[in-house]
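Take a look at these structures.
Paired with subunit B in one complex and with subunit C in the other, subunit A is shared by the two complexes that follow.
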Partner chain A sequence: MGQLEQLIVPGRFDRLTEIAVFVTQAARAAGLNDDEVFHVEMAVDEACSNIIEHAYAVQSGDINLACTCSTTGQLEIVIRDSGQPFDPVEVPPPNTDAPADLDQLSEGGLGLYFMRKLMDDVRFEFVPGQGNTLTMIKRAKIE
Partner chain B sequence: MNVLQESLPGQVYRIAPQGRLDAVTVPALERVLDEQLAARHFRLIIDLSEVAYISSSGLRALLRARRQAQSGGGDVALCAMSERVTEVFEMIGFNTLFRIFVTPAEAATALAKTVPA
Partner chain C sequence: MDIETRELKHVNVVTVSGRVDSSTAPEMEKSLQSLLDSGRNHLILDLAATDYMSSAGLRVLVAMHKATKKNGGRMCLAQPSARVNEVLDLAGLTPVFEVYPDLVEAVGSF
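Let's look at the complex of A and B:
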């Protein structure tokens, strides 16, 4: 286990910049390079945008981010919310062979596509009474 | 978000958003695009020189504007994309979908040749 950093903010769009600064710092502390830091920033931005838009569409709540930096060049980000359950199986993947039609896709679908593309591991879990937990891992490339 | 607008020769309009294009700021860009399209300005350059970051909500806004501009006989051309924005475009195949130029002048020349419907 490495160092743990935590940020809890209200699930609102005007907090996305604060979230981006937080995860960018954590990604740098984990030893990720500039490209990897950018990938983490975008994946977390998409994840939190989805939470605000969908999980907290009806009732508001906090977003709880916990970053664990390991000494082996790995960043684990756990994002929790207490909103509506999210099941990735219900979100159709975008047809990247027909990019002109991608705006017809649900908002979450495109964001989920980027999260999976940008991160090494993406896992969702919903526990009734506790909410959604999203765990994403980014590993530094061995150079 | 600040969005600059400029009228160019040949009924071409340059729109330059400044800052991050994410779920917070995209509505401001969409308002400008909607106003331009409602005024039947269908030859639009979106100058991304001041955009360091674009999320899926920004991509969607560009795609919607492109569809509406093309319906009106015009098109949306993009220019001055940073390496990061280019990387995001390539991930989803937008680099082959949009007409992308290095400078606004090159984009304007290409758009001025677009025949209105």
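Let's look at the complex of A and C:
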């Protein structure tokens, strides 16, 4: 694996732009194209928004992001929080085939859906006493 | 994110520039709701300069779309940026909204 970059910020919505700048820089360094960089930006933004809204709903904390670029055009992003456990199984997916109803856009559900659609790999882990670890991978498409 | 509102004869044009995410979506919602509260139920959202919209922004769009309809009005989207189009499509929301390729056509529809 190649270069590692890390960012630790308070889990607040006003830090989302800073997070976006950080991950888009890492995505470009990994050799991803403009579309892929945008996908990474979206997935990370949705993930961090979910952390702030849910994991840190009761007590706030930091969001720790670590980006690793490989020389083969792969970006791995690991996002850690120390908040309440998150189980993706409990989040119902949106029904994107039906005309949208506000109820269909469940809070967090659409964000999780975007993450899974836009990234090549999404894994959640919770360790009691440590918090949640979300690992996402985006690979550059070979043209 | 910046929001500018212009009142035309039959419709209000709301131009949204920059990023719409969980931090800024509430401000967009507040601006739109304020128009509805003052009885302005015909809205055009000019999204040409909206370079990012997250699910938080989409929820506001859907909520305001429903609210204008409930009030007997109408909301449409004008000249959404390529990224906004991509996000609408990903969420399956493209069929839900009236989308116009340019502002003149959108205004003309009211």
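Basically, the second predicted complex is superposed on the first by the 138 of 143 C-alpha atoms of A that agree within 3 Å, B and C clash if a C-alpha of one lies under 4 Å from a C-alpha of the other, contacts with A are read in each partner's own complex, and residues count from 1 in each chain.
The criterion applied here is as follows: a contact is a pair of C-beta atoms (placed from the backbone, for glycine too) under 8 Å apart; a residue touches a chain by one contact, two chains touch by 3 or more.
Not measured: the values here are computed from a predicted model.
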{"item": "Touching partner for A:110 - first (subunit B), second (subunit C), both, neither", "value": "both"}
{"item": "Which of subunit B and subunit C A:83 touches, first, second, both or neither", "value": "neither"}
{"item": "First, second, both or neither for A:131, with subunit B first and subunit C second", "value": "neither"}
{"item": "Subunit B versus subunit C as contact partner of A:14, first or second or both or neither", "value": "both"}
{"item": "First, second, both or neither for A:52, with subunit B first and subunit C second", "value": "both"}
{"item": "Overlap of subunit C and subunit B interfaces on subunit A (superposed complexes)", "value": "13-14, 16-17, 38, 41-42, 45-46, 49, 52-53, 94, 96-97, 99-100, 102, 107, 110-111, 113-114, 117-118"}
{"item": "List of subunit B residues in touch with subunit A within their complex", "value": "20, 22-24, 53, 55-57, 59-60, 63-64, 67, 84, 87-88, 91-94, 96-97"}
{"item": "Residue numbers on subunit A that touch subunit C, as the complex places them", "value": "13-14, 16-17, 20, 38, 41-42, 45-46, 49, 52-53, 94-100, 102, 105, 107, 110-111, 113-114, 117-118"}
{"item": "Residue ranges of subunit A in contact with subunit B within the complex", "value": "13-14, 16-17, 38, 41-42, 45-46, 49, 52-53, 94, 96-97, 99-100, 102-103, 107, 110-111, 113-114, 117-118"}
{"item": "Touch list for subunit C against partner subunit A, complex", "value": "19, 21-23, 52, 54-56, 58-59, 62-63, 66, 83, 86-87, 90-93, 95-96"}
